[in-house]
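Sharing a structure with you now.
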């Protein structure tokens, strides 16, 4: 087992640069998630870690050892692919045994490991079937099993759950988490699904356009997104983001977005007043309150457009002075479209020049 | 000319070429001696002592056994050939004959053989060659001159036409295996029925055929007047030579330097073939016929006259194959009023490859195959017309082939196709010309002949520059 | 990994082809020593009426035979694509012509087309023997006969390629069309045909290449006759090179045919073939 | 389907058109000589086996069949062994000129045999390959490679790269990944390439005639073509020989027609 370190990884295909100076470190035994929209370079990064793709610059090391010149078979990693990549002509048992055979493990060891893995994943019944006789979830388990059975020093997952339906995905997520707890091996997990990232990862790297946007623990990423991209990418429904500019009115700080004005109950600090250009203001839907709150809250009035009732909570879409805004409320919400409503917000996220600026407390 | 001498010097400096013709005689005597007295010796180990002792400085390796490779076609009478070769191997235990089989058709056979020779292939020693190739093979120095092996005395015993077909510029390159000549087969029953004697001119043939066709229309609507070979292939050149030649025409001028197709005699003969033979007597179907198809028409009883080679006699009288057994006779081909009957000379010669390692042994084999005994064997067993003159008086041969007696004059006067190293090219031009004027009745014969003349002359001119 | 394959191709195809090309630059006459004539033979070819005619005959053959083969092939493919009892046997049956050596198939057609004992005459005219047609005697019909034999021999191969194309068209597409009220003909015209285009083009390419090289058929059936009516360019090349021994001119003819075909298929490869290979990044 | 009669008609026509000409040959093969060239032709044979006897014993047909099996078989095996890695490399390499390599291969497939025959003959003569089976197999392999590579390349293309990567991560070398994982999956494509190669080698006439003049080594098409004697057209023997010679291929096609078609649909045709 080992940690993983990436230093200044760059990758170009022809003239397109898909990775820009990517560096991070994954602690031994951690569950590390690479999160980003499709095409952000996260899969390429994973393939570079696996050795399937050579990087253009930079280096990869496992447990302090540089593996740049180590071919994939010798890197001792296991990978679970998006489409599982089970060998269609082999039975489940043979699929599991394949990697061990390639490494010339003795037969009894192979059998013991298969038995162990089958128990762990509860796939005993499937061992003698061919992949095409399995359901999607079963194939997924086998793909996982093929990785586990090898006892590699590093697990790599390339969107392993994206081909499953929602329920199965949720339950597999739990199992994966348990599995990690039991095995304690370093795992690198690529996904575009932020909820998978939040629930699974010890640490998350958010990537976009081949660049790292933010590295941090899930709660860090949620509560203190480093830039508008991360802020908009994490959270469901996504954060409301408003482009606008600040104005200092009678020592009162105002943020203007078209006709909409946010009046903050506090004064501007230097970094805000120094900025005369545009800034981005973010409000998480779950931070919007419908009842009057204490001091420090900003109140705005708007009109309800649409209410999505999700059972235990509701998503309220509204128009506020020509700007649309989404809110999430966790208890019964009884107003209807067309009605006027006043909201109260205290938690704001502010980004200037794509950087997070902490707002002063009132 | 310089090339020809070079050719003989390419040949391994065998004792025969050095001490000939005396040595040749000695050598052969030694062989005969060997044959006569060395019979009991074991095959394969028999030391060929005579050659060594008898010829002193002989560089012939005393190899226990030599395999001669002979290029040939698949014979129509394979057993006759097998027997001949068995017999040879019995007499000459130190020589084995291995046959390499090439396609039957003269053209395809030629393509394959020349491909090998062009590449100086030393893997075969001797070959059968069509009489039309002598000039080409000699000029290219592919065939070894046989002057030292094949003595003038011996040559006199063969039909002159066959010997001259093996000659090119005063050297001989081929020993005749058999002779072929075009001849007229006819239904003697039908001719007798209508009171005709065999036609001596083409117009007479046409008249007789017309009369018989009209008379037989009800009994056999399929009956045709004439069946010959008019497909676009080498045989067409032979058939047309017989028409043109018997009208005092020729393909080339007498000196062989120019094409002569536009001569009026030639044009008229071609026109006769187009109008009388193809359009009327033979029907255009003849444009698809080679020998087998044209013979099929005849043996099915559907043609009055049939032009073919000597081999057809045997088949026409074979009840397994023919419906007209006993109703067939054969005669010389007709002529035009002003001309002389012309029979195209065909036949095959034995030649020795210039690249052979064993030319002496090859000659031993050739001599055996062209010996009176073997010529007789093939005449009797396979209806192949012998190239040796004497056999035309041989009772056994005549018993098997009674028709030969009358045909000897045909063979003696048989007319060769143009003798030029460029014969294949000339032949293709001729084939195209004749086939076009026969298959497209609207074409202007003279125009087509001029075009062919032009092309042939262009190639012949190249030769003169040599 | 491609090294052994490329070696093979280099030694037994490319080198010989280059060698031949060089040969085509040397004179055939006079004498055994050949002299360099540059592109003289190519200039001669441009002036050669026999070659022109052979080229036109070849072109006609290629156009007609490939068109007919694609039509027949599509028909065959549509039939054996349907599900019915004994389909395996029918498929095997239509593949038989393809499995018969061309030399044999051509002999067979020569036999079938015989003017006296040929089966075709017997089928058409029965006992009315006087009506029998000497198919190969007429220049046009002989040309037609060559095409007929080729179409018979290779339609099933074209059919095979088209059938393979049919099999990748999803059944749902037809269901959708049927829901939209398309008739069988409309479904064929507007769905099958457009989706079949790549398969048809592939078949067209392979058949065109082969048709350009047609040789065995003519060699066996007509020897180019009557009156050069069926003399295709390859046969003319063969005659010149192998029978007449004019190595330079003969290779010139063949090299020219090759170049014409190469241009044709490079055009094809660029239009269709590149599409074939550009989906890899998906 | 709703258009049953149309379909039945189509089946009838397709089978009739494909089989009838050959049926006539089959009928002919059971006739005796006098019936073969009878005018008008007679339909029904008299059941004579003369031609079969002659083809089998006089012309030693089985001996040609044996030679053809050897030549076509080894051509197929060698061509596939050589073509597979090449196709694999072409399918997987990220080369800009790949289309051109494939186009070039296609060009090679177009070489008229006449163009290369002479030089090939000379090479073989230098190698001592004339009149040997391997001497014929070598040019056959070269001539069938382009088509085989073409088919296999498109086939490998269809196989997911993921599988191969999984194999690499499981510890396979490139070669192991090829023959343990990709090859078994490409079986239909291999099969198609094999049958096309086999039929080519089985039917080829021009090179076989040129290279093999020793009757001991000649292949079937040459053998049958040489049935023809100098002046006799042995239709009956040719018919009988064709029937015998075609039987193995018919059985082959019957057994594997599904494989051939599946192989083609996954490979050559998609575009």
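Letters A, B, C and D mark the chains in the order given here, with residues in each chain numbered from 1 onward.
Here is the rule we use: contacts are C-beta pairs under 8 Å (C-beta built on N, C-alpha and C of every residue); 3 or more make two chains touch, one makes a residue touch a chain.
What you are looking at is a predicted structure, and each value in this text was computed from that prediction instead of being measured.
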- Chains in contact with chain B and also with chain C, listed by label, are D
- Task: Return the chain whose centre of C-alpha atoms lies at maximal distance from the corresponding centre of chain D.
- Result: A
- When C-D is set beside A-D, which has more C-beta pairs in contact? C-D
- Item | Centroid spacing, where centroids are CA-atom means, of chain C and chain D in whole angstrom | 16
- Query: Cα centroid separation between chain A and chain D, in whole Å?
  - Reply: 56
- Whole-Å gap separating chain A and chain C, where each centre is the average of the chain's CA atoms: 59
- Note on the structure: Note: chain B sits from chain A at a C-alpha centroid distance in Å of 92
- Considering chain A alone, which of its residues make contact with at least two other chains? none
- Item | chain D residues counted as touching two or more neighbouring chains | 37-39, 117-118, 225
- Message: Where in chain C do residues touch at least two different other chains?
- Response: 116-117, 129, 238, 242, 247
- Note on the structure: Touching pairs of chains in this structure are A-D, B-C, B-D, C-D
- Which bits of chain B are touching chain D when the two form their complex? 71, 73-76, 78, 98-105, 108, 112, 115-116, 118-119, 121, 123-124, 222, 291-293, 295-296, 300, 302, 309, 311-312, 315, 320-321, 323
- Could you pull out which chain D residues touch chain A in their complex? 160, 162-163, 165-173, 176, 180-181, 184-185
- Item | Complex contacts: residues of chain A adjacent to chain D | 47, 50-52, 71-73, 75, 77-79, 81-83, 85, 87-89, 98-99, 102-103, 146, 150
- In the complex, go through chain C and note every residue touching chain D. 1-6, 8-9, 11-17, 19-20, 23, 72, 75-76, 78-80, 82, 84, 88-104, 107-109, 111-112, 116-119, 121-122, 126-127, 129, 132, 152, 156, 160-161, 163-165, 167-168, 184, 197-199, 201-202, 209, 212-213, 215-216, 220, 234, 237-238, 241-242, 247, 250-251, 254-255, 257-258, 261-262, 265-266, 269-270, 272-277, 279-280
- Task: Could you pull out which chain D residues touch chain C in their complex?
- Result: 1-3, 7, 10-11, 13-15, 17-19, 21-22, 24-25, 28, 36-41, 43, 82-83, 85-86, 88-90, 98-99, 102-103, 105-120, 123, 138-139, 141-143, 145-146, 149, 153-154, 157, 174, 199, 202-203, 205-206, 220-221, 224-225, 235, 238-239, 241-242, 245-246, 249-250, 252-254, 257-258, 260-262, 264-265, 267-271
